[in-house]
Amino acid sequence: MSFDYTLLLPELILTALALVVLVIDLSLAPGKKQSLTWITFAGILVAMAGIWPATQTSASQTLSGMVSSDGFSIFFKVLFLTVAALITLASGPYLQQKRLPVGEFYILLLSATLGMMFMSGSRDLITIYLGLELASITSYILAGLLREDPKSNEAAIKYFLNGAMASAVLLFGLSLVYGLTGETHLDIIGKVLNGDISHWPIVGVALVFLVAGFGFKMAAAPFHLWTPDAYEGAPTLVTAFFAVGPKAGAMAAVLRAFTIGFAASSGRWTELFAILAVVSMFFGNLTALWQTNVKRMMAYSSIAHIGYLLVGVTVATTVPGVASVMFYLLAYAVMTLGAFAVILAVDAFGPGDQVGNYAGLATRSPLLAWGLTLFFVSMIGIPPTGGFMGKFYLFSAAVQNGYVWLAVVMAINSAISVGYYYGIVKEMFVGKPLETTSVKAPAGVTAVVAITMVVTLMLGLYASPFLNWATAAAALPRFF
Amino acid sequence: MAIPILYPLTLGAFLFGVGLYGALTKTNAIRILMSVELMLNAVNINLVTFSRYITPNNYRGQILTVFVMTVAAAEAAVGLAIILVLGRNRNVVDIDKITLLKG
Amino acid sequence: MSLPLLSLFILIPLVGSLVTVFLPKNSVSTIKAWSTVITGLTLVVAVVSMFQYGGAPVDANGMKFAESYNWIPHFSVRYYLGVDGFSYPMVLLTALVTFLATLASYSAVHERHKEYYALLLLLEVGMMGVFASLDYVLFYVFWEIVLLPMYFLIAIWGGARREYASIKFFIYTLVGSVIMLVGILALYFGTGAQTFGIMEIAKLVPAAQFAPATAMLIFLALYVGFAVKVPAFPFHTWLPDAHVEAPTPISMILAGVLLKMGTYALIRISATTLPEAARAFAPWLVAIALINIVYGALAAMAQKDFKKMVAYSSINHMGYFLLGLAAGTPEALNGALFVMISHGLISALFFFAVGMTYERTHTRDMAKLGGLFLTVPVIATFTAFTAFANLGLPGLSGFIGEFFVLLGSFPAFRWLILIATVGLVITAAFHLIMMRKVLQGEAMTEWKGLKDITGREVLILAPLVVLIVALGVYPGPLFAVFNPAVQSLSKLITLAGGM
Amino acid sequence: MIQFTWLVAVLPIISYLLIVALERRLGDKTAYFGIAALLAAFVLSAGIFVEVLNGATYHKEFTWVISGTRAIPLGIQLDHLSATLLAAVTLVSSMIHIYSLGYMHGDKRIPRYYAVLSLFTAGMLGLVIADNYFILLVSWEIMGLCSYLLIGHWYEQKGPQEASMKAFLTTRVGDVALMVGIWLFFAYTGSLKFGEIGEMIKAGHVPATAALVGSLLIFGGAVGKSAQFPLHVWLPDAMAGPTPASALIHAATMVAAGVYLVARSFPIFSAAPPQALLVVAIIGGFTSIFAASIATVMTDIKKVLAYSTVSQLGYMVLALGAGSVVAGTFHLTTHAFFKALLFLVSGSVIHAVHSQEMHEMGGLRKKMPITFWAWTIGTLALAGVPPFAGFFSKDEVLLAAANLPARLTEQGLGHLAWIGNLVFFFGLATAFLTAYYMTRATILTFFGQPRDHHKYDHAHESPGVMAWPLIVLSVPAALVGFAGTTWFGEHGNWWASFIGEQALEWGAAEPHHIGWVMPLAIASALLGILVGYLLYGVAGVKTRQNAITALRPLYTLLKNKYYVDELYMGTVVAATLAFSRVVGWVDQNVVDRIVNWVGAAGEWFADVAGATDRYVVDGAVNGTAAAAMSAGKGLRRLQTGYVQSYMLTMAAMVVVGIILFQVIGG
């Protein structure tokens, strides 16, 4: 089988970019590394452009069928690259302010993105594992990037130890699957499992291991316990990335693995994901109510959002199920990055990361305050925002497939979530600030806030193109 | 085929159990790391066993094993680095003392 | 192709709101003038549309001024606007009350003007959209758009307990609306509709043959969402708090228009789409209506806070709407719709009257007020006028609605309506008590020298007063607008085994 | 001219609007708008009356609303009865407008007073020309509103405040009953018109029970407005308003509206089962004697007249109940004149001595001759001394009552004929009491020695603007009664022929002449005057005090108006207020709390979840670990490791998942 490089062009560009950054980083004197930001940013845009050739061909595969390039993976690649680009855009002054190693940050970010991109395109357990580990290991380092900060150290060690064990658990599940089917290729696994074998109890055991492993990576309750600590301890910029990237990557892998590899056993894993969804929503939202640290609160909020997404995964056997998850991921990525951009600004260039630090932000920096409000509104799921459209899609996918109760649980949770978002909004608009000087966010951060605001609204008001895209991409091709 | 498939699989499960036990009971971060490596090796045994017994003409399991070993090495490197920084900053390797972040 | 009138109702304030955002923060008078022009322009368009309404052609669903474009083809969601007898008067009411509220804002808002007026205009966008949209998703979007500006308007510019009141309002309505969304989706998938059109789905429901229990569940899901807004007992407790804390113009809009969103939805969606379930629910609705009437009146009587009393009287009045809806006869439905309009006018006036007093005395405690007839005679006279309008004095619009509701309810409920009449007496009582405490009596020294009514305030009062009297004497034109829609709904209800 | 009937009602409205609009510029001069409008209305009404005398009638309607498929028309109509009342009301009202100019002189709110007075008159006129219940109701409530405003004219004081509220609320109870009645009949007939409803009842569209209940509900409206027992309590208190207003509201117009309502609704009453009218008769009869008995002990001159009004209204209601529209409306008309006169006279007296207490008056006859003579004419008319107006109308009423037993027997209620007799006795006793208390009032006020010299010295005859209306009103008070004599007309008397034709159509009864009624009536009136004279003109204070001591319980009972007010305050009012406080409390502390409880429960759950995360999950993990490691030695150390708790959770969850899978259905 030949190696069709056009299908892997973005990955290749990204790899090259990481190497280029590494080299340039070495050649730049400390403190003069601002140019790296723009090199990375431009490189990511080039990588995004590199997706173009793949869109011109029909879905196809390469690397002996281990990796495929189809609408699904293109969707996720665009998503990951956008996330990386936005993170890069917001990063410059922040890295300087926190004295983070600039070159390392970009290299790790790019590597993690690369890993996630592989996860989304993988059609084989081997590549899924590799992509996952690439993303995970770089993430551990990113979490501990503030080397002098004990909290950052702690976040890294906790994330690492949990992650390592989760990898082991996942691998154990993979080994069982391999043992059962004798294959690592998802399409073949799906074929083999589509017989009596799918009723074997051991399949269930393997599924549990896989769900636990992936559940950890996407931080679904009850495998979420590491998340708040890692989010709080990690540098805010990294937290922003954690809140979106690895989750989306794991979600992409789950969607493909379970709908192709384990489609025949769907009766078993749908219920598992439904349970995970409910537990995540309740745990995330209820615990978030008690947080005073905004980053920690956002961690719990992200757990709840994974719960919403898992509602879609529960019905992922249908195209709307997959498409709704994808669309919501898009909306989630945009609004979460936007929110974290504001949090970053308030944390690094303003008073701090406690809820109380947000007092009077509406007068100190109206754009940030209204932006954060819009993102929260979107997260609650109130129109006319992307969050609403996404939830609406998840909702209707669930109701359509008879999971009305799950939709109701989701509705209840949306309402609960008001509780903690409100706390911050209240502080921003009603609270009395200690100082009244305006909070000056760097241009890059402001740009991220502005862009994500526009896109959040666009996803709510002009969702059609995105919906069509997600739906077209959600039809996963089968090659065997 | 002198050895029944059950034997190596049992060994794998046992190793996984031992690794898990170690990971959950030891407080020294390095020991936990080692225990996790043990779990990965248990998986490797599984993979190789399956590869040999179930699909002798197909080396995918063994390929995966190679990757797992490689990744485990990388993981260990990163893990040790993190533990090192932690030890330098706070002079601890006992993870039950690392509880700044909670709640 | 004539003007897309309904889109104008939404677009004008939307553009106005966006432009406000970019106006300089400190040029307060520009901001005020701009918002006034925008809401005034909306009102002008509303008035112009009145001349065209009668002769306007109707579309397949009997809607006038209809506009329909694909919005999200993926969900078969359309941008479908149109009005009929149920919604058109509400659109006009919204235009009027918002304009007057903008005028009233001049003296009620003293800080953060830019944000305030931008939000006020955004609020109008939402309200107009709710009344004009005929697609469930579009409806829901506008429904929620209303929620946000309202929350901020209370939370930022409200009284002492504004945080509590605003979040209470927010959570109540949000919980209601997400439950409503479940109901909407259940309808959509239950009927297998290829569209989210409100009218289209209503036509498909008979063929879908829902089991009665299913239909009832869907009905209840929708009902909860709407009842919170109305508000129907026992979902009413957010209202007094919200009203007390909200600034005067916001109270005007809240009572004048916002509550009507709930009643409008009940009549447009619940009753029209699920008439059988509505029938089955009618006994409960009657009970709720009667509780609203009597309980609201009694609770109002117990209040010491002027504004809170008015708020509870809103609960009381919404009971008449619910009663009329439950009865389902043409007279009762016409009456119920009339209650919506008339309460919209009267409550806006009442809250404004309370606001005028409050702006001068800075208290709403009725025990501290008194003798206003002597200190601020014109304001006091208007307050008295409003009180009489509110207590249902014949000759004023408040009476017509109640009269027709009960007139039409009698055949349906017979002696049950005697309970409602108890409410009529109590309503009169607490208004009189209020007048005695606040208006009558010797002039109190601390309120001497207060400035009586200003020209701007007269400008706000006058249209409301004129309309209240005009509609009270000759309600015919309004009935003529209601009646076609009422007739078809009444027929539906009768088919559903009504009286 | 008859086509301008609507103008009669609109003229006062115009004056009302003019006064309101020009109040600031013209001040007290706006009063002339009211006077001019009313005089014009009177002239117009008089013209219309003449046309009606010549046989013209008028009816005009327009479609008011269309609801469903049903058009609801409203209209105005003019027949003999309404034309008469139109003239009477405009006459009395215009006189009162003029009179007020003097009486209210110096008051600080003259424009307000005149505006309300005009609007009030408009209400009454609208009511009279209505052809349906809706316009009637609107006019009815306009009067209610205006009476509220007039009674509360001096709203600085506590008395008027309370009295105005009481008036509005008490009549509101009756109004609500009336409205329910209207709704009931609309439900069956789909009509709001007086005549149509009656015809449809006759045609059997309304079940008998419903017709009975409905007509009683409509009567309920009259009970409230015309201050019949048990809703009479507001009228005496309403005397807190300016006296000319009392003359208008509580003598000639508003209270008459209730009687007029029953008369207008007579087609309904007569078509309904006979019990309906019997109840009307009983209430009327009882009210008349009940109120008259209270009037005998009142010392406030206006209170005497107030209770007298209640009593006389009872008379009218009694007559209607006895089936005689002729008698009821006749007494209504005559009473309008002489009671208005009496009130204005009392106003004149009060104006002179600045007191309403008869014990502070006395001997005023010499100081105020015009006033005195006007009073005398009024008193004689009220007492029923021939040939003054009241005599003829009261005679008709008593005649109708005397006919009641026979009528009941005719209607198949023979077993209730005794009620007829009882009611007649009430009427007769009332005639006696009326004569007695009026004599008492006359003597206390105008005869004897002045009891308060200071006040007496300052007393003077009222100015012309007040005196002339007295003179004008004295004429009809003295002479109108002749309309009820056999000297005019065919049906026994002119009035009976004028109204009776229509009344017969409505199903009214034509009383048979009973010879002994008239002498009996004259006798009881004269007896009343005699007793009054003996007690107050001849006997001294000592004798009266002895009499009071002897009759102490009865006296106390009467003095306290049978404790009806106290009863209401203690029961209905107190209960409502208490209940409202309960509801207010419940709303704030229970209903609202429920929601807060839900919120609290949510917080509690959050707490639990938070705690679960912190303690239970960790704790359970620790517990699970404890169980799993019970043989091992690393037990204690595990309990402190947070990171490991997380990891343990993951492991435990995998185990749980596998177990779940195997148990539930792998």
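So that you can tell them apart, the chains are marked A, B, C and D in the order they are listed, and the count of residues begins at 1 in each.
Throughout what follows, contacts are C-beta pairs under 8 Å (C-beta built on N, C-alpha and C of every residue); 3 or more make two chains touch, one makes a residue touch a chain.
If you're wondering where the values come from, they're calculated on a predicted model, not measured in any experiment.
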Q | Contacts common to chain A and chain D (chain labels) | A | B, C
**Q.** Central chain (by mean CA position)
**A.** C
Q | Whole-Å gap separating chain A and chain B, where each centre is the average of the chain's CA atoms | A | 26
Q. Using the average of all C-alpha atoms in each chain as its centre, how far is it in Å between chain B and chain C?
A. 65
Q) With chain centres defined as C-alpha means, what is the inter-centre distance between chain C and chain D in Å? A) 34
**Q.** Intercentroid distance (Cα basis), chain C paired with chain A, Å
**A.** 43
(Q) Show the residues in chain D shared as contacts by 2 or more other chains, in ascending order. (A) 610, 613, 643, 647, 651
Q | Touching two or more other chains - residues of chain C | A | 171
(Q) Can you pull out the residues of chain A that are in contact with at least two other chains? (A) 157-158, 161, 165, 169, 290, 419
Q: Just spell out which pairs of chains touch, all of them.
A: A-B, A-C, A-D, B-D, C-D
Q: Note which residues of chain A are touching chain B in the complex, please.
A: 125-126, 129-130, 133, 137, 140-141, 144, 147-148, 150-151, 153-158, 160-161, 164-165, 167-169, 171-172, 174-176, 178-179, 182-185, 228-229, 232-233, 290-291, 296
(Q) Can you tell me which positions in chain B touch chain D when the two form their complex? (A) 20-21, 23-27, 32, 95-96, 98-99, 102-103
**Q.** chain A-touching residues of chain D, taken from the complex the two chains share
**A.** 602-603, 605-610, 613, 617, 643, 645-647, 649-651, 653-654, 657-658, 661-662, 666
Q | Interface residues, chain D side, partner chain B - complex | A | 610, 613-614, 625, 629, 632, 634, 637-638, 640-644, 647-648, 651
Q: Could you pull out which chain C residues touch chain A in their complex?
A: 71-75, 112, 115, 137, 140-141, 144-145, 147-148, 152, 155-156, 162-163, 167, 170-171, 174-175, 178-179, 181-182, 185-186, 188-189
